[in-house]
Amino acid sequence: MKRFHLSEVPIQIAPLRDQLSHPTAGAFASFEGWVRDHNDGRAVDGLRYEAYLALAEKEGERVLQEAMDKFAIVDARCVHRIGDLAIGDLAVWVGVSAAHRGAAFDACRYIIDEVKSRVPIWKHERYREGDPGWLHPEPDTAKE
Amino acid sequence: MKRFHLSEVPIQIAPLRDQLSHPTAGAFASFEGWVRDHNDGRAVDGLRYEAYLALAEKEGERVLQEAMDKFAIVDARCVHRIGDLAIGDLAVWVGVSAAHRGAAFDACRYIIDEVKSRVPIWKHERYREGDPGWLHPEPDTAKE
Amino acid sequence: MATVTVLYFASLRDASGVASERIESTAADLQTLYAELQSRHGFALPANRLRVAADGEFAKWGDALRDGGEIAFIPPVSGG
Amino acid sequence: MATVTVLYFASLRDASGVASERIESTAADLQTLYAELQSRHGFALPANRLRVAADGEFAKWGDALRDGGEIAFIPPVSGG
């Protein structure tokens, strides 16, 4: 079963969430990354995500499997958008169900942290003023 | 503005989530408590939540205000069901938007932890076998 | 002598058989009032596992009874 | 001499002007191949800020080029 997906179309949350429901799951934690109107003090008009598709899907799937192995969770999913996005659009969604909330929160946090630091996806921002550009963060600044 | 609500009818997530969107919010963390089919090793058929309404709404609102004060978040909401619920039903929903994900996760966790430990709401479980009963957890067992 | 309305929730309501009752009491404080009611209704929960509220706000066990006030004993909560 | 297909993403694609190219190289390993391509295309990113992949899996900079293989240099990622 695939738990990580790249999507060229807007992410539909409700069906993803429903895939995680289970009679033994009492806790559900989710994370959403939304496109902000600013970054590093610059006004952002919109952005585009590009991925190395084959490797991104493999590495994303590894992150989800690690979360399943490391935490006492029932199930987890992550979907990341690629293509053009506008301010307020949903860029990434993570959902985790578990018997208890501690594991659900910890696994959700783990998944988004690892996806952001390891999965080959790149963000291209268009600014209100100046040239657009690719974001290639230094390891210690990749905090948001 | 009220950020904490008790609801006698099923919680509608989408409009709550939409209330938290903001152009400066890049991160959204949410938590859901779902009714499980077991508790402490006993099979559960369903449950009922009862609240001391006037005080629960005040104390819930205080928890949300504390989260707004303690963490660098944009906004937050919490809705808790009261009345009869079936297995799989949504018992409580917490949502937090923030510029960055660390604060969103931390505030979301704070809100559900404090709501569960302080807000006067009680759970009455019906078991597959044996008498139903109210849950009055010891402080150090209130972990789920 | 004060007349107060006492609210019961969850297992305290099951034990007392009522959601609320009007009580005349000479109890000097809320702690003493709970002891009287615990004795009358056979509440299993000791006061140190409860919180107490007066007139819709959390109160202290040492607070005096206000004539006409509304008292609630808050068993350990289990929301979420 | 090996012939490989090199994939470029994000700022590396902008700098090279192509999404991929076929390269004949005598480079002993992937590190040396990147040095050659960095010199040709003027890539700003040093190898120590990149990862490298071969045939759809992460690889080591010391790995040799496989004739007919597909190489990708992975700039620092920024998903989420």
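When the chains are written out, they are named A, B, C and D in that same order, and each has its own residue count from 1.
We take it that a residue touches a chain if its C-beta (ideal position, glycine included) is under 8 Å from a C-beta of that chain, and two chains touch if they have at least 3 such contacts.
Computed from a predicted structure; not experimentally measured.
Colleague: Would you identify the groups of chains that remain joined by contact if chain A were left out?
Modeller: B, C | D
Colleague: Quick check: how many Å separate the C-alpha centres of chain A and chain B?
Modeller: About 24 Å, centre to centre.
Colleague: Go ahead and note the Å separation of the Cα centroids belonging to chain A and chain C.
Modeller: Comparing mean C-alpha positions, chain C is 49 Å from chain A.
Colleague: Would you give the residues of chain A that are in contact with at least 2 other chains, written as numbers and ranges?
Modeller: Expected reply: 33, 112, 144.
Colleague: Give me the residue numbers in chain C that touch at least two other chains, ranges are fine.
Modeller: Within chain C, no residue touches at least two other chains.
Colleague: Every touching chain pair, please?
Modeller: A-B, A-D, B-C
Colleague: Which residues, counting only chain B, touch chain C once they are in their complex?
Modeller: Within the complex, chain B touches chain C at residues 33, 49-52, 54-55, 58-59, 80, 91-92, 112, 115-124, 133-139, 142, 144.
Colleague: Quick check on the complex: what are the chain C residues that touch chain B?
Modeller: 7, 9-11, 14, 45, 49, 53, 56-58, 72, 74-80
Colleague: Along chain B, where are the residues that touch chain A in the complex?
Modeller: Where chain B meets chain A, its residues are 14, 21, 23-38, 87-88, 97, 99-102, 104-105, 108-109, 112, 143-144.
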